[in-house]
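Following are the structures in question.
The following pair of complexes shares a single chain, chain A, combined with chain B in the former and chain C in the latter.
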Partner chain A sequence: MNKSSEKTKSTVTIDTSGYEVATQEIRSEAKRLLTEKIVDAVVGYQGGRRGGSAVPVVITDPDQAEKLVFSAACVNNLSIYLTKAKKEIRAKGKLAVVAKGCDLRALAGLMGESQFKREEVVIIGVTCAGVHRAGTQPGQPLTDSTIAKKCRECSVHIPEGSDLIVGKLPPLPNLSPTEKELMEKLDAMTPALRWEFWKEQFTRCIRCLACRQVCPFCYCEQCLCDRGRPQAVDTSPRPSGNMGWHIVRAMHLAGRCAGCAECERVCPMDIPLNLLNRKMAEELKELYHYEAGLKPVEKGPLTSYDEKDDQSFIK
Partner chain B sequence: MALTITEENLRTLIDRLIKDGTRVIGPKRAGEMTIYEPLSRGAEFAPGPLPRRSAKEAFFPLSETILSFEKGKDGLKVDDVDTNAFPRTVLVGALPCDAAAPQVMDAVFSWDYKDEFYLERRRRTTIIGFSCTSADDSCFCTLVGLSPTATKGSDLFLTPLVGGGYSCQVVGDRGGELLAGYPELFTESATVTPVPPAEPEGTPVDLAKVKLWLEEHFEDEIWEEVADRCVGCGACAFLCPACHCFDIVDEGTEQKGSRRKNWDACAFSKFTNHASGHNPRDVQNKRYRNRFMHKFKYYDDKFGKTLCTGCGRCIRYCPVGIDIKGILEEIGSRF
Partner chain C sequence: MSRIGVFICHCGENISRTVDVEQVAQAARQMVGVAYACDYKYMCSDPGQTLLKKAVAEQRLEGIVVAACSPRMHEKTFRNAAQGAGLNPFLCEMANIREHCSWVHDDRAEATAKATDIVRMLVERVRKNKKLIPITVPVTKRALVIGGGIAGIQAALDIADCGHQVVLVEREPSIGGHMAMLSETFPTLDCSQCIMTPRMVDVVNHPNIILHTYSEIESVDGYIGNFSITIKKKARSVDMAKCTGCGVCMEKCPQKKIPNEFDKNLGFRPAIYVPFPQAVPNTPVIDREHCTKFINGKCGVCQKVCGPGAVDYEQQDQLVVEQVGAIVVATGFKLYDIGEKPKGSAIKGYGEFGHGKIPDVIDGLTFERLASASGPTGGKIVRPSDGKEPKQVVFVQCVGSRAREKGISYCSKVCCMYTAKHTMLYKHKVHDGQAYVFFMDARTPGKSYDEFWRRAIEEEEAVYIRGMVSRVYQKGEKVVVMGSDIAVGVQVEIEADLVVLATAIQPRDGADTLAQKLGISYDKYHFYSEAHAKLRPVECATAGIYLAGACQGPKDIPETVAQASAAAAKVMTLFSKDKLEREPIVARVNEKYCVGCFACKKVCAYGAVEEKEIRDRQGNLIRVVAYVNPGVCSGCGTCQATCPSKSVELDGYTDEQVMAMLETL
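For the complex of A and B:
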């Protein structure tokens, strides 16, 4: 029964031929940057053992530039490797990084937070039509059903502000905004029902901390939630500590999260974490007309005071 | 003649076991995934895809209270956990890569310190293993000495049959005892046609040679190549059927609280952080090297076993695509 319903559902395939162009351009640019010693290392993607897969790689040898690829499997936000938390990568010297439009927003945010200066990094921006959703078997075509949720509502296909923009954008189909729809469903719930929804989601959390570890903005050397003396949040993977952990994290990312949704992609327990970040971003936009990641900003609305700030919550 | 059980009778068996006071843990659907969880009835049993997390939590839960304390008028009252109260359990539907893992972990949990929490659950649990009929490109049980039809670790082993139902092989005493309790649910069939087992792809690797290679390559470029990209989360260890490290924490208040045993992971930067601030595994690739060494060298040195059953979960769910099967094959090509 399932099979027949799948067959009747029309599949929209997204043209990814531009990714082959991007791959060639990334290779030649990486080779040039390394040969001319403009950078010491390039953070990009290379093919993995599994057919059609792509994994992050750091190359330092111009001859290795041939390994670099860009495809729908290039899901990672590589900006994490530029933060001060990744000492071993930064130790390689001046870096170039391959970035999609969504990754670029994280790079802008990180510059605002003094993780690195613009002139310290060469950004190879990739024109992107979308990447795979979590759990997609590598090598699958990019379609309506294999594309990541964030890509369905993407507004940054072209990474403006990069040092070089590679690839070309195909005509893009109109995809239904599934995350927005889910968000609206949650917003329409009563607070009690919404609380139940999140309680149920967080019950599944196993505290593997993949959400934190892939987050470009979770670069703290000492995470508050790892502290033992005094313990701020229970570290046990139990409902109360899980709830504490995810709420603390959402609050700490409010006004900073640039929406790459990596936390949600990597969650092995399928918790829709980006909904929390998205909600925070919506509130910031509404209250402070602020959007994170558009340009490097030293102090966001939650780390600065302005007399015009909304104070209606003070009763 | 082969002993068989129908799909319906297997569900009835689960219902009867639950009714008779046995805790039954088996694959259960949860949203888009399947998880090994206590079943409340046979209808919930959902065999098929490899569950997202391994079955180790039947013996070694994600978090368990190992004692609780309370300050009262008469001083501090400490309550130990009564391991005798642990329920009799049947783990049903464990695929070979999950069913084989507890036997591997038994060694470490009954070594210099006897972990009664783990061991008591082991004593009280019967494992009904299932033959595996589908593999993907992350599966590699055949590279680590197992196979989709391996009965290792199972007490009873079921093989799906063409047309439905299962053939049933008694592997251990507990399997025989379980069978003897519910004989009417099983039948003898003259001919059976098993569903063909899965065929995981991969180049066979000599694990003894891998171990020798590791002994000589503690310092090697391979660790940076494969693991500089490691982000340091615990997804691999937490989904793994054989990873067994844990942390002990006290939680609650000064007046009342619990001591808990929680899963831990060697990829976490704090895992080897000393009180002095010194961390002998100061960068991420050294932490990943430890994971690999522990599975294919240290555990073998100490207990003569490989600490990996080839389930492939760490490959499928690694946020940055670290591929233990690929690394094994790569090392295999370097002998």
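For the complex of A and C:
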């Protein structure tokens, strides 16, 4: 995917000097939180084996704080480590987590779903100009052609509502909204053509379930789609089961997904999964004027009843 | 291998006319798990049930499918029969081949095939059925009655006489409701207050009735047999324990010119007042909106003159919690105020009738106050504008009611009768006066009702004009009523001295909010809905809540009293047992897989889902999971549909069962 942006070899480079500042501030804050025993562990990023790459890390020792970094390679949504599914991390005690604006929206959603309480977590928010798209070689500068699709249309550069906001925002270039353009293209299709499009996409799915493993909202102890008796979805990577899985996934994320697009990033078959999530989010906005992840919400529109809800579908 | 018996009913000819029942029985015998199948003309009859019981014993059956009518009709019948035969009743299921098949299809071959498929699905379901044990919950033998009009009073007295405590909550400072405002009642013309006030006194003197007046329902928690009600007692500003009801405060209150709501604003009352002399309780209340002490702090006369020192300006609203097992809702009605179009409502108003603008255009309740001996004129019928005796009075029926184009399509039921009564009361007081009535039809079904209406025309000389009124306007001292007489086919104009509009009956304001607190349903007009229009007319669909009086729909006094006693009987039936048995069709959480997102808790309309802590042996909290309280769960299955990981299942309707039913097709 993303062929259009590859073709236009652009020279627009985004200033990421703020990430150096952020790294320093994250380190000192992590050190302080651990030394003062405000938290028992900090979930953040550290440099990977290949220069310029980054991987998630959980540190419990103040001396390890120097390991922490923030760069354009810090693509992962760390909120996944706070769900009840990650028992070993939750067992460490009170946690601090490094969060970009997009990750923070997932944290807000998880709080609304009783996964943790606000006072149980210290959120270190990072001002973020964007991160690399999947497949970018480590160490590359952040440019029009290496930036992730979601970052092109980001509206949450500054993670408002964090306990501490680190880094600073550089002047941002105007990038073309490639995902929005694709959405519009799909919306313009006839239902039959759109169905063909998705059928084609899902035939590629190998059911590695990376999209599920990386999703902050897929924290069920046992996934409905893994159940055998009764079996809701065929578990082998065949067209009917693939279609079933992706529809279940999209439906289960409706009103919850805040668009971190991790599913799409990790998909080895390059299926544009975030399009589905985004479409559901648009429907929610249109029908219920609701946007997921803006703040922790006790009852979302799909778990509450209001007399004023749209009922035009009842015929 | 299960041994299931399939019993196919002809339902006389209702099923066998379109479904080949023998063929269905034959097909059933081939189904996996079926040990026995037969058909019979009336399976629900005594011989039919005997056949079933005999087959269970002889064939050693372990499950039963009765292919007949809707489970709503006879599920209970056959489950009882199964129990009689020694089976767990929940191993018996109905396959609905009547409503779902024979009644809606013509083609015999296709209907037979469909009936076979329905039986096949139910056999699969029964194969995976489990024995279920009914759930028992304790019953708190105290009742809550909401509303102290004649409906609430009747229900409260009946329940209290049966020996159970009743909590009666009334919004106004006194009980009595609308009936206390009426002058005389149809069809006997006996004085309303004379029959009403003794009942009010019975309430206050009854050892089993706890009366909360000037109070409202704040919140309702719990379920049938175990409700917890929070009641807001509004600050009366008078200590009920100290007040002797001597009335000196009311005499001395300098603020005397406040329109009296009880007299439909025709008379005046002081700021510290009882709504009417026979009020129960006879304890005044301070109207803080109009009291000088509360407006600018400069009076305090009532406190000075009060001998027992009962006046308390500092009194605050108070919350009281009462535990009850059943609730009777009797919140009554209001009269349609037609002067203005209500905001945001589909109801259009009657600006053309000048109600609220022309002083001599009044509604039926105002006329009741004018005619009442205890009313503002002492029972003398006079015009509100100049106090003169009206010599020509025009009554207009169906104002608001039966006017689809104006937003209300129902009939208010009592107006035909009370208008006939009004013409008589008028004639009895103004012998040389003439009453005219514009009407669409006269609806007089009821004991002695039609005779009463005929008497108004034939003996009391009321002139009935069949036709509608188009406009009412002031012309000098007169009020001109323009209308049509469709019997003659002409337009008529009457120069009247007084016009009385029989306006529609509507539910009380806030009826919808109360319904939401109680979790009961209401129609588009906000009248409360009964569980079944014919067979369960006083029960709500929500267990343990019953309806009485006009809050459910327009009603006259005898009907209201009858319904109130019926509601009381339902409450007493509930209270006749110490424990309540409930169907065990309830949701159950798989605690191993529940991840505690509590989506189920959010969607549960009954508040049945709780948070349960799972601890290890040392008492350390491991995790929090959902728990369904079986006493509260109504088995709707919403949680099951909502749970993302399907960690909650409805007994009797498990995913496994539903999937097996689908897969067998």
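Methods note: the second predicted complex is superposed on the first by the 305 of 315 C-alpha atoms of A that agree within 3 Å, B and C clash if a C-alpha of one lies under 4 Å from a C-alpha of the other, contacts with A are read in each partner's own complex, and residues count from 1 in each chain.
The working rule: a contact is a pair of C-beta atoms (placed from the backbone, for glycine too) under 8 Å apart; a residue touches a chain by one contact, two chains touch by 3 or more.
Owing to the predicted nature of the structure, the values given are computational and were not obtained by experimental measurement.
With chain A as the common reference, the superposed partners chain B and chain C fit together side by side. By the touch criterion defined above, A:P230 reaches chain C but does not reach chain B.
By the touch criterion stated above, A:C208 is placed in contact with chain B alone, chain C being left untouched. In the superposed model, A:A54 lies in contact with chain B only, and not with chain C. Judged by the touch definition given at the top, the superposed model places A:R249 against neither chain B nor chain C. Once the two complexes are overlaid on the shared chain, A:R238 sits against chain B while remaining clear of chain C. By the document's definition of touching, of the two partners only chain C reaches A:C220; chain B does not. Taking chain A as the reference, the larger set of touched residues comes from B, when chain B and chain C are compared. Once chain A of one complex is fitted onto chain A of the other, the partner contacts of A:T303 are limited to chain C, with no touch recorded for chain B. The superposition of the two structures on chain A yields an angle of 120 degrees at the Cα centre of chain A, opening toward chain B and chain C, reported in steps of 10.
Our summary of the superposed model lists a minimum C-alpha distance of 6 Å between chain B and chain C. Residues 231 of chain A lie at the contact with chain B in one complex and at the contact with chain C in the other. The part of chain B that touches chain A in the complex is made up of residues 30-33, 52-53, 62-63, 136-138, 224, 228-229, 231-235, 237-239, 247, 249, 251, 260, 262-263, 265, 268, 270, 283-285, 315, 317, 319-323, 325-326, 329. Partner chain A is touched in their complex by these residues of chain C: 592-599, 602-603, 605, 623-624, 642, 644-647, 655-656, 658-660.
Contact residues of chain A toward chain C in the complex are 84-85, 113-115, 219-224, 227, 229-232, 252, 298-299, 303-305.
Only residues 48-51, 53-58, 76, 80-81, 86-89, 135, 137, 204, 206-210, 212-214, 226, 228, 231, 234-238, 241, 262, 265-266, 268-270 of chain A touch chain B when the two sit together in their complex.
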